[in-house]
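By written order: A, B and C. Residues from 1 in each chain.
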Amino acid sequence: MSLLTVRRLSKRFGGIAANREISFEVAAGELVGIIGPNGAGKSTLFECISGFYAPDAGEVELEGTRLTGLSPDLVCRRGIARTFQKLRPFQGMTVAENVMVGALTRTRDVRHAREQAHEWLRRVGLLEKANAYARTLSTGQRKRLELARALATGPRLLLLDEVTGGVDQRSIPALVELVRELHAGGLTLLLIEHNMRVVTAVAQRIIALHLGEVIADGAPSAVARSPKVVEAYLGQAYVA
Amino acid sequence: MKAYAPALAFFAAAGLAPLVVDDAFLLDTLVLILVWGCAAGAWNIAGGYAGQISLGHSAFFGLGAYAAALCGVRWNISPWYGVAIGAAVATAAGTVIGFLANRLRGPYFVIATIAVSQVLLLGAARWRGFTAGSEGIPVPFRAGFWTLGIADKRIWVWIVLGLALAVYLSQLYLERSRRGFQLAAVREDEDAALSLGVRARRLKVAAIAASAAFTAVCGALWAQYVGFVDPLYVFSVDLSVRFSLAAIIGGLGTALGPFLGSLLVTTVETWLRAEFGGLGSHLVGLYLILYGSALILMVRYAPQGLMGFFYRR
Amino acid sequence: MRVVNFAHGEFLMLGMYAAFWAFTLLHADPYLTLVVAAPLFLAVGWGSYALIMRPVVHTSHNVQVFTTVGLSIVLQNLALVLWTAYASVISFGGAVLNLAQAVAFVLAVAATAALFAFMRFSYTGKLMRATAQDRSAAMLMGIDTGRIYALTWSVGIACVGAAGVLLAPIYPVYPTAGLQFVLIAYIAVVLGGLGDMAGALVAALIIATVEVVGSYTIGTSWKEVLYLLLFIAILVVRPAGLFGQRGSETLGV
């Protein structure tokens, strides 16, 4: 059975159909990239899966358990964590405390949560900043903080929303390596990415969205060459 | 340990004062400092720790005050029951307001809390049959501990000090417990907290309900101490503002802050009242002009309040 | 402006006092005072914006709430210290009271209509609505949002000051007179739907109707409770207000 099943997911905002009958499955251990031009509905998809929006139609299931329409905190406790495109650290708390909030979803003991937080910070390379206030971090560091925080909730599936967005070129390879490591450790990942080099380097499979619909779903090389995808990104004139 | 020096100093001084001070006026001031400190601390649980700013907390205070008064006047039972009944009713009311907190944000929630307190004010002021209407209820003094009829102000200091310690320790709990961390996350960014599995809605309601219960206990004790419950005072918006004023000046979201704020506000107020009472009583308004201005400046430029002087965050 | 002014009632109270002192010291008819009061309060609004509101326009809600609460405390107690707590009354004859209420109603409706037209049809009104919808976008369009906010605030203060002048012949004047009126105002705005002027007017009429009907059926002493409970009930069922956009209340703005 697949880990995540999205079946005919639809979401409208007034006159705009952000998601139109989107269907796909993600098996445990996969790393799937989600691409598409702006307005394709990628973020809406994440919001629907993570529980921030309730879809108008369709189903979201995690290993057979229905997640559709559940509140975000319930979705997290069932095993799906996410990061945000516009970073949202808890500014008034330290880096370690930020991650502890995630850890406290899995453990009741504050001391244990603190240890786990330090462990996650070590893995993402932020340990020396543990006692700094989150508001003092740079963008790249905030990205890693958000990652550590989401990971601390012990998810089975992690939704990464443009994890390399706004990060300078030099720092991207380290971030990508981190994502690879997490994947190698058995985590299932769904990535929204605009950076094609990152996606093709890391993803085993790519789902392309355009105007709310899935227009391609398969191996990176095949998707990159699909005429529909080329048309969506570059326009009719470029279709070979 | 050093971090707690100010708190230790405060509570130790309050506890030892009755042993060395004889003057009734000073002891009275101390009791009031502690009572308003407790009320501010209770408000702080919802406003400072949970981030749910309310200007309707006088609703809970009044419920406690009336519960105590009615126990004495109407039902002829010990006002200690009043404390319990007031706390129970206030917890229910707090749960309702918590529900509202999950539907409204920011200033609009504030307006709703004001509306609730005014409903209770009008209800108490008009329901002659139950609450003796707008004349208020004089609380009967029956000597004895069980009836909370205590003439010795020193005992009152210790009673209220007990409550103060409970409020202070509850706030400390919120700073280091699992629930406290989650609550802080909700306060900072509710959606981010939700995405991490925090039961934001439930926590907010719980914080407000706890805040309500403590406030009601303050109201009940205060009613017994002062001896008279006036609905126009006890449910007033002014009173609600007063709780928040002490908490903010002292340090929003800190455990000792509300007590420091109350120390400052109450001493100035009682001194001014003593100086200018009677014909010049409108001059008492002077200190409030100062506090209003201080509030405006502090909330923008010194949000840490008095506690900010002790601990640079 | 996305700011709830908790000192709104105090400006109303100042308007009432303005009418009272003009009447007592200068024997001026309140309706004459109105003509002077409106621009006067516009200036007061501009001044209070520059002095107090401008520093907090970009801060969090809590800071703004307590800034206006602080302002409310200052104004109330200023009035208390200067003019004592005793209620003052502008005394006309009894029959004139009804005339006063009728005039107040007509002028209020006229002012509301004018304001609505201004917001809808004038260029400045468009600027104000644009800024309200999206501050950053407005700035990018070259709109001086600081000035727009100053204007919005000042117009609001001018309106409420004028309202105070109109109410002075009808109600007793004392430093804490503001709360009872302003509570209805807040309720009307939230009930009608945040940001919707026509909605606020409709809501105000609904509240007035409930008040009057209530006082006939249940008795005058309970009428306020009635509309307060109605307010809370509507908030529970439809927090965006009767005409507001669904979900706008959760933005807190």
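By definition in this document, a residue touches a chain if its C-beta (ideal position, glycine included) is under 8 Å from a C-beta of that chain, and two chains touch if they have at least 3 such contacts.
Everything numeric in this text was worked out from a predicted model, so none of it was measured.
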Argmin over chains of |mean CA - global mean CA| returns B
Report the chain whose CA-based centre is farthest from the CA-based centre of chain C. A
Chain B to chain C: how many Å between their CA centres? 30
Please report how many Å separate the Cα centroid of chain A from that of chain C, as a whole number. 46
Just the number, please: Cα centre separation of chain A and chain B in whole Å. 44
If we count contacts the way the header does, which residues on chain B are in touch with chain A in the complex? 176-178, 181-182, 184-185, 188-189, 191-200
Name, in rising order, each residue of chain B that touches chain C in their complex. 51, 53, 55, 99-100, 103-112, 114-116, 118-119, 122-123, 126, 237, 241, 244-245, 248, 281-283, 285-286, 288-289, 291-296, 299-300, 303
Given the complex with chain B, which residues does chain C contribute to the contact? 3-4, 6, 52, 55-56, 59, 61-67, 69-78, 80-81, 84-85, 179, 183, 186-187, 190, 194, 221-222, 224-225, 228-229, 231-232, 235-236, 239, 249-253
Contact residues on chain A for chain B in the complex? 50-52, 71-73, 76-77, 81-82, 84, 88-93, 97, 100-102, 104-105, 108-110, 113, 149-150, 152-153
